[in-house]
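One structure, as structure tokens, below. Some questions next.
Naming follows writing order (A, B and C), and every chain is counted from residue 1.
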Amino acid sequence: MKSDSVAMVDLPSNTYKQETVCIFGTGDFGHSLGLRLLQSGYNVVYGSRDPKNSKFLPKGSKIMTHAEAAYEAQVIFVAVQRDHYGFLSSLASDLDGKVLVDISNNMRSGMYTESNAEYMSTLVPAATVVKAFNTISAWSLQSGGLDANRQVLVCGDRADAKQLVVDIAQALGFAALDKGSIKAASELEDLPLQLFPLWRLPLRIAIGLTAFIFFYVLIRDVIYEGVTNGKDISFRIMISLANKAFPIVALVMLALCYLPGALAGLLQIYNGTKYRRFPDWLDRWMLCRKQLGLLALAFAFLHVIYTLVIPIRYYVTYRRNVYVISLVKDNVTYEFDKIAAWRYDSYFSMGILGFGLFVLLGITSFPSVSNSLNWREFRFVQSKLGYITLLLCTLHTFLYGWDKFLRPSKFKWCMPPAYMLSLVVPCVVLILKLILIAPCVDNKVTRIRQGWERQSKTSQNTSTPLMA
Amino acid sequence: MKSDSVAMVDLPSNTYKQETVCIFGTGDFGHSLGLRLLQSGYNVVYGSRDPKNSKFLPKGSKIMTHAEAAYEAQVIFVAVQRDHYGFLSSLASDLDGKVLVDISNNMRSGMYTESNAEYMSTLVPAATVVKAFNTISAWSLQSGGLDANRQVLVCGDRADAKQLVVDIAQALGFAALDKGSIKAASELEDLPLQLFPLWRLPLRIAIGLTAFIFFYVLIRDVIYEGVTNGKDISFRIMISLANKAFPIVALVMLALCYLPGALAGLLQIYNGTKYRRFPDWLDRWMLCRKQLGLLALAFAFLHVIYTLVIPIRYYVTYRRNVYVISLVKDNVTYEFDKIAAWRYDSYFSMGILGFGLFVLLGITSFPSVSNSLNWREFRFVQSKLGYITLLLCTLHTFLYGWDKFLRPSKFKWCMPPAYMLSLVVPCVVLILKLILIAPCVDNKVTRIRQGWERQSKTSQNTSTPLMA
Amino acid sequence: MKSDSVAMVDLPSNTYKQETVCIFGTGDFGHSLGLRLLQSGYNVVYGSRDPKNSKFLPKGSKIMTHAEAAYEAQVIFVAVQRDHYGFLSSLASDLDGKVLVDISNNMRSGMYTESNAEYMSTLVPAATVVKAFNTISAWSLQSGGLDANRQVLVCGDRADAKQLVVDIAQALGFAALDKGSIKAASELEDLPLQLFPLWRLPLRIAIGLTAFIFFYVLIRDVIYEGVTNGKDISFRIMISLANKAFPIVALVMLALCYLPGALAGLLQIYNGTKYRRFPDWLDRWMLCRKQLGLLALAFAFLHVIYTLVIPIRYYVTYRRNVYVISLVKDNVTYEFDKIAAWRYDSYFSMGILGFGLFVLLGITSFPSVSNSLNWREFRFVQSKLGYITLLLCTLHTFLYGWDKFLRPSKFKWCMPPAYMLSLVVPCVVLILKLILIAPCVDNKVTRIRQGWERQSKTSQNTSTPLMA
């Protein structure tokens, strides 16, 4: 009754091959890598200058001289710094035909003209050098590859050598991605040195805008008051001025986050196709929309707390007490203004609801949340809810301003109140969106996004590079 | 000294096979898929109606006619829309024995009676159609499959054909999940069209409850005041009424989130087994508990900000000033009420601590956080801390109400204050929980959940369908 | 023209092997596991005491007696509780040479002297027992392994048996990690019983500190007032005292989170190497820094809401009204204090900005966010921004205190105001950091962290165990 297929797999433990991997270098990375390889069922041999005197190594690994260790394995991880690569040239004959894995990184970009991997290749021309694992930290090797970045980027000139390294990466629980020939090594070596590349432009915009608005309100409020009335109200800088700059920056950046999408839509209608490449500045702008939005949320968050802290401020308490005392002394009748009640409450309500939706947008941009949404859900949240957020925040600002724009006294030194400046970009975006969702325009955009092209003669003749 | 195992693996680069994959269609998805396949070491050939005049394609790929391209590969991805499937039937002989991968989606659900994959199958009966990759966007293909949903769902009638597609998906860094025969294709095609299916019921409950409570307080507060005293206090709608509705909805929904678990426990005791299927409504209710809880948190968040904004409202400032002026004018002594101080402070404290715990619950329901918890930790947070949150929020509401329920003046038009309505469900849940954690009951539930069954004659005779 | 490679892969469906896996036990886990195996293309047979009378099983699986089922497969999952392992010894001959997978967990740690897997091994010595899947819940099996913990830990004495189980785990979409011999089983069985092991120490510190500060301010404020002036201000406990304890705990814990890093730096300079092991207490402290920081953030969050709720408190409103009335009655001139306006506004501003950065730190410690950062970015946020946060929060506290430390009336019963206590640890940390970033010291630390060692004779002679 015993089936063949079962008899076949009779656990032949003697033929169960355990591959051997060699590691040159017993530092942090060498140590962690060895431990992980052992856990995944590999044999590990360390190569060292001084095998007798070596530091504590993972249990189960062996240590020998570089040459001896190289004999034992096909794949050799070189876990030493570039400065010490010299010893490899003396081992040239031992490394003949081996796969050397360069895992090194530099302290800063542009230290050397050629990448570490290419340099290693010139030292041992008879070996095949593969660049890999340099974006993985010793820490993420130890933590099992689940708590940290799981992507191993691999590049090298020989596909078979790369495959051996990819197999090891996968056995260790990482996802491997082939990045092409060894020429990509310098790019891979720059990756771990990057510091928020996508955040740079949005951060510069945020800092520039904040500085501009801050000085604008400083001149319009504090300096004007000092010059005209001789009063020093510089204490208002810490909270009142900050709380004028933050919401303006938040609103403008939220609008800037939706402006490129609207411009792209217009451009597609104008071009009559989606296959024409966008201008570079628009491409770069669209790539950092998420970062723009999150920075805007950070400013909105600060605005909320700065606003909520108002009633406990010394200055506000003082002014309120003085007002009540004056009411009592002057014995005036204190009328309730229903319009004001409606206006202030609506103003707060719009702001709170807008902020609530904004927080929701922020939450859905968490990688783990956005991964659990399908494309339609993601678009619904980021586009539909995003525009509603922008609309609520713009209404909030209009209600804040109310009729100020009609009162000439508000235009000090011909400078309009700062909130007016903040309304320009959001209004442009909302008007563009309104045009784009008008039925006739919307149909056209939808058809274009599905691949439809306007077959005009002019477009046939243009030699503009196209993007598929 | 050279070991055999090393000699064996001598990097035979000539035998390193690079599989060829064919893609019909050069649109966005075809482009991104080709790029990704090339990065993962595949050869890519595009099939096109008009190979001469084709758009910019990924470097390293080839383009030829459909028939030529089909010759080159075993697996053919069809990246064109269903409307253009017609050309496939003319290629029937070229596609004989091939694996066609249908990656298409429709614009909306129910557009066609048969799924796109089944339709393709009828066009080219000699080929094997596999449905796959339709839940993956061009975007997530480009971003390396780590930043976006990594699950490729596969279905088809032949296991070997599916295996070829699964292998490609895995080589591209995706996780593949077999969903059965080609009949599952229509289900897979509906997946990307879904819009928050699990959120629908909770959202409806939230909207329904909010509307009900809002009109209740509108009638009880604003309209009653208008009818009885002729006073127009409609300006209270924007904040005061909203801030009555939001906390009530939050509390009721938090309670609704824990009610099904308590009911399920009672039902298991009543049935004497955990192997009896729950009624459908209870099953559906239990599946959307997380969504109920998160919506409740959103309402609680709005309630917190609406409350914190109170002291800067025009109406509140006005009323406070009028009160102080009246105190001064009437020259009454203004007594400090220690009970009120205790009561208000406790009321705020309970609310803040409850909200703090509620935020903690929300944070642990993030996919990336809940994944890092083991089962016992998850249960501790979601069950124990959840009930403490509910208890704190219920106490917060009781302290808010204080002795209002004793004062007949509060029952306007026989309508009790709205907060009283909100206490019904939480109290029921807390009492049920109190019963379930009583030692004798708790033991029984624990035994039942471990698989124990009451061996009564009646249960033996029932023919209720059981669930293992 | 047809290439060889294509002809080769002619979909030989008859050789497409579908492996059969056996499951003993038809409970929740057995059910979910069978369903998942079927979805991934395995044949599944259940073994049961009473195959005729078995519960509803996944469609496509077969059910037979234990012995019959064991014949069908090489790998047998034993999904029954340890108490029922007895039946396995009667099947000894049927299980000869098979791989038994023990997936069991216990109700609590230390119930048995030997692990379940080792116990199973003694019952069926002729089979090979592999411990695996015990950290995976039935729920995460059902949800496709993407929404829940995806790591299957495996241990066992035979590498070939483990490999079979690892293959199944990977086919099911899990990542497998080999944890060594069967002796590791008891450790694996304890894992799902753990309750936040890394949070224990930080939680104890938080609770201890909160209790200490609370009683300190209780004595200094409430009891002192009661004894000295005979006034009962115990109503201040709920909010005023809580809001003194929370920020102090938050600040001290934030500082405690950065203290071990600074100490480690000093120790490395003192030792002249990074290869000397840190004392155990420092190691344990460094491992729970993230938890310390997140608890500090929770306390800071409570502090923020407790502060924002101040102006709606009964007591605060009362005091303010009394103050205004007294101003009116006494007819004093009420002077505006510019220094106070600056001081309070700066105090709030520092606190808000500090809290904003603190929230940012908290967000980047989400697994899904920290995974998307490279090492340099993570260090930038957690170290640079972390110290700026600590600096802002410390300044916030100094501005809160202002000149209180100069006024003897503030030292009640020789007890300094509580805020002073909270400044000790942050100041120590900031001073240590200032020393460590001084150029000369910084260079040394950087060199040491790159592996440089001071080659003194004394260090050569020490026999301290070294860590690589």
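Everything below uses one rule, namely that a residue touches a chain if its C-beta (ideal position, glycine included) is under 8 Å from a C-beta of that chain, and two chains touch if they have at least 3 such contacts.
Everything numeric in this text was worked out from a predicted model, so none of it was measured.
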Same-site or different-site touching of chain A by its copy chain B, using the half cut: different
Fitting chain A to chain C on CA atoms, where both chains share a sequence, rotation angle to nearest 5 degrees: 120
Averaged-CA centre spacing for the pair chain B and chain A, given as whole angstrom: 24
Touching two or more other chains - residues of chain C: 147, 150, 308, 311, 324, 328, 366-369, 371-372
Complex contact set, residues of chain C against chain A: 17, 20, 71-74, 97, 99, 128, 147, 150-151, 158-164, 175-180, 275, 304, 307-308, 310-311, 320, 323-324, 327-328, 334, 336-338, 340-346, 348-349, 352-353, 355-356, 359-360, 366-372, 374-377, 380, 450-451, 465-468
Chain C contact footprint on chain A (complex, rising order): 1-3, 5-6, 9-13, 16, 18, 26-28, 30-31, 39-41, 54-57, 81, 135, 137, 139, 144-150, 173, 191-196, 232, 235-236, 238-239, 242, 298, 301-302, 305-306, 308-309, 311-315, 317-318, 321-322, 324-325, 328-329, 366-369, 371-372
